[in-house]
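Okay, here's the structure, questions in a sec.
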């Protein structure tokens, strides 16, 4: 069997994937994130993570909130390992913050981890009081064409909002 | 628990969220809107509110109208608090006005409250006489790139109308 | 043009249909309901009303609630006129009551108006606190096969709940 | 090419199918209906017509109404020819009647034409005043098991009303 | 109750809305269209009418045709009143013309009525002979940026045709 | 690799599956059907074939017709091989017959081939003249419980017709 | 405003609804459930709760699980108050148990609280290892027709599984 | 009745529409195509044909292929008559060619017939061997802005492929 | 944390869940199945497994086949552990057999493992040659009411086949 | 029958299509890919392959992964034959690699085979640990406008992520 080898991944610091003794931390912990090397840095390409099982707490009422989060990025040298991303998102389970702040924090932590060319994070929450909130934030590496890309995508963001009826 | 603190929000004038003794006012009242500080003003990002429970009255016949309203904005210094937005939308319950006017009034009130970089409001009403009406209006801060953004989004608005069959 | 004639309907007491000077009453008022004669009493048949524009108030918090209501009945001698049904449902606009009570009240009022062979009312509300409530109630004329029909339909009610995700 | 032959159909009185000089009559005319012989009377089977292009007039306001009609039957000796059914439905274009009456008239006319073992007619109209009306009526040949079938299907009719939101 | 007043609308020539004695004219009649004043001429905004109940006749066979029509425009000084638009579309009920011609006629009549900044009309018809036809036409005020807008939207029209299977 | 063996299938007369030199016959030919042995005759179980690529000709106009056909059966000793079923359905390509007759012919041919315990055939055609036709026919082995099963399923057939709008 | 009164509900022991100082308990706690009196005990009717925001932990790996839960019941004397139901479901947030056990525990706790005529609980979980699990359990008051109803509904449960593709 | 007249169409060479004695040719025949005059050459507008009933043969195996074809064009002086388009597409019924070649042939034949300003053809075929093929081709009149339009639309073609699961 | 304990499960022979050193066997191996004890044997309840990632081989051509499998059962004393079910389904990856045989083999293996009160298995495969095959098989413990339940569910199986278009 | 001829394809090296003795290789093998000549090199056009039956292995755990892959390209001189593409995708069945690497490998192999003007590959995988991963990669011939096209499409990639709920 060709492709990625366990050994090379372990050398890059990937310890969570395939490890059964993982402990789950339900308070905010960006330290759990792990990265590995991009094998195709000669080319721009997108990786999207669909994360429909996100939950956090309201900072005022401590009531649980629920969201589906979509994270898309163009890697540079490092890529985020998906099991560590899962554990990172678990760490919001007992964290209290506004929806808008959670999305910006996730963006900031992933930029810090990977230093990607481009990244965006879109959260779609369930309603409270009959209204749901969907924050969208993005980032392009400053001084590169990806910064313009971030501006371009913000300018053209979500011109066709999905139909919502709270059911 | 980290994140936003109740105290800092109260200092910013947030009184409705988590307050059970709220009175509902069903006649038009923009005074109920409250705002809080944007923690990420160094970056453009979108916040969308999905509001499928809007109702107002026809100004001629006084018959109830129903709509889903989508409000999206890029904050500058101030952000609208979502519970106060709920109460504001409740205040149209006994207000009589044309669909097109309601959407422009909501836009104007939110611009006045937040002075956002960019904002748009899209209402999708149920039909009367077999025809439904969907007004869309937007705004970008004059003299900035967001004004061009508003023009750009108006030029490209809704080129794929959703399929409607009145059922 | 054949079919129903205006004159015969007016004689049966139909005054609201085609009348532009109707006043809307937003507090509970079953007196607005009007009926007309069934031209096909020799046969059982169903009439369903789809009513997606229902709104009432929470009896504890006075907050607006929203529902789609489905009303189905087999007429006997009298049938409910649909414009008067619209006005009757409008009259819940400022009425405060639990979802379960509203559905039973509507059923009772329509039974009183029409004395139908069979009738059922199903309300599907939008969520509060992440949970939505859907009451279903029915009635068959006592001592007839329609009473058994009501039991049969209750026994087999909603074995395939619709998928709900609060969006 | 085997199968039905033009000649045998013409002998049975089928004149409209394949005839280009058809005149369209937009006032109620059951006389346009034509039938042909059932080749499989040794067996019960269903034929369903999906008719999404039905329009008639309101008997009070003369305003156009629109519906999708579903007609299903088990033939006995005669079957309704589908082009003549189309012309028959066209003949309601300028006819004014309540939705409930139109569906029962269609049922009665098809029973008279074909004397079927079983038949049912379900109309699904677009809303007026926010409420749509869906009448359902059926018939089984009296004194046969199909009469019980009609009762059975009425008892179990539409326990899962389709979701309606007037859009 | 604030908002639009009946009196100001009547002064602007709005007579059909809220008038129960309206006569329906089923032969082509652009004269029935009425307009009122735009209260927000300081801003570009879109108004869309969803019209799923359009019917006309085939000019060759006189057979009824059915379509859903989507009309979107940016108003200048005048706006089309929606009840008069309904009556105007009714007036095609006995009019015979090709689908492509109907859509251009509607565009021309609305341009003449309102002199809008921008307008577009998209008809989506049911199939005849297994093929359905969807014409799309638009207009921007000559010599303004809206003329370029019309060209831009035509260049980018419908790059994702909806899935059609004739059922 | 366990399971069915090529050799045993060839001995049972299966020649078409895996044979590249198959000739396609586009005129009605039930002789192309092949069967193999049921390995689980000790139990009732259903096999359904979904066949969305059926086409035949109108017997009067020779115009092509299109349908999706659903065939479901409970095998007894013999089962129909699916590649031979494909070739059999191809053989209707130049065959002219009414929709109702085609479905009954398919049922009869499969009963003759397999002598199944139970079988049903449902065709769903595309519209002509705005109306589509969906015949449904079934069969249970006479004198067995499967005959009652056929009656039971006919009595309860299609009480929830799928939504059709000809698009 | 008529309908349910705050006072009568408080007398029945309803303390959570409309109370802002609620504490959230994230370990299993059936004691939080509250009930109120059924005003319509003279009639069978259903109440359904749609609960798409359920989360618990895997008892072996402590990894979070997510489900939508549908709870339907016919009340006898007592009814469950929906805000207390919300708090009860929150109390599974840090509880570890198999999906099948959670659904039976919820059923048992609600039977104990309300002593309903009939109740059923259906959980639909997200997949682990590519497979998702959906337990369904029900109960009818022993020695009554509702016990037979429970058997009847179990016999006929979910004969049309929803389409699942893990996306 | 106003609009297009039969006489003017016959003078332009339209013979197939409304003609019942049409012969169907099932081998490739572009000669059957007919055109008529564009009444609105002063304006760019789109006409789309939805054609879900296309079938041809595989050139290697002679097995039938099935597709939905979407044809969109901006007319110049001539327009294709839709009944002749139907007959032209029928003529592929016994034609053997690769999917990619069929779509380019259709484009070439329609360019030759109409000399349109712009045209595009998109075929969406059913799968063979688990893979389906969807060719898209377009054309703009050389040396005009429509040639740039063709390039622009090719550059931006289908960036959101529809979800396919072969069911 | 209450609920199921790791220790009790290990004592019952559950070794695969939470074990990272699992080896995947891609040839048919029912020996990998593991069971644990039902904590609620006093009640009938259903457990459904949704398995959209099933793949096997064609026994004649060795070409891969793909299916979604739905398995539903009422447990008696033993229940199948879901990770072992996953591994069992993996073991068909290089197994060659007809669709109908695979579904009956899975049913037989699970009956042997658990001796359930009732069980059913429904496979829905992707098409080959334009036709897809969906076998459904079930079982009730002989001599109990569950045997009748199996007959009842077979009699009423799939009277509403899902819409299939091979896309 | 006109169109492509078997002989010309065999001369171009097409051996797999219509050949029944194909051996399936389940370990990564780009050598199985075959190409044929583009008959329309004078024009840009797109060919899309929808491939919902892709499966590979996780490089760390050897657990099977499943995806739908969408491949779109503009041919230059050579085109990939679809049966050889099927066999190539089969060859990943026992190959272990990360999702991101698989998509880039497929892109590289097809560029090598065909030297296309433009190509893109989008994989959409099923979730592991509640998160699914969708890589997208593309390529334009260096030094041509297609290189800019690749950049343009990457900049505008997937601004409307499909809704994912893991069911």
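Should a chain be cited, it is by its letter among A, B, C, D, E, F, G, H, I and J, assigned in written order, with residues numbered from 1 in that chain.
Keep this in mind: contacts are C-beta pairs under 8 Å (C-beta built on N, C-alpha and C of every residue); 3 or more make two chains touch, one makes a residue touch a chain.
If you're wondering where the values come from, they're calculated on a predicted model, not measured in any experiment.
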Equivalent of A-B within the choices A-J, E-F or F-H, defined by over half of its residue contact pairs recurring: A-J
Farthest-lying chain, centroid of Cα atoms versus that of chain E: I
Superposing rotation of chain B relative to chain J, computed on C-alpha atoms, to nearest 5°: 145
Interface composition of copies chain F and chain H: same or different, split at half: same
Between E-F and A-J, the pair joined by more C-beta contacts: A-J
Distance from chain J to chain I - Cα centre to Cα centre, in angstrom: 33
Centroid distance [mean C-alpha coordinates] between chain G and chain C, Å: 27
Centroid spacing, where centroids are CA-atom means, of chain C and chain E in whole angstrom: 35
Chain H, residues touching no fewer than two other chains: 18, 50, 52-53, 61-63, 66, 126-130, 132, 156-158, 160, 162, 164-167
Chain G - residues contacting chain I, complex: 27-28, 57, 59-62, 94-98, 100-104, 127-139, 151, 154-161, 163-166
Footprint of chain I on chain H - complex, ascending: 63, 66, 124, 126-130, 132, 162, 164-167
Chain E residues touching chain D - in the complex, by the definition given at the top: 24, 50, 52-53, 55, 62-64, 66, 90, 93, 126, 167
Sites on chain A touched by chain J in the complex: 1-6, 9, 17-18, 39-40, 43-53, 68, 70, 72, 74, 79, 82-83, 85-86, 89, 122, 149, 152-153, 156-158, 160, 162
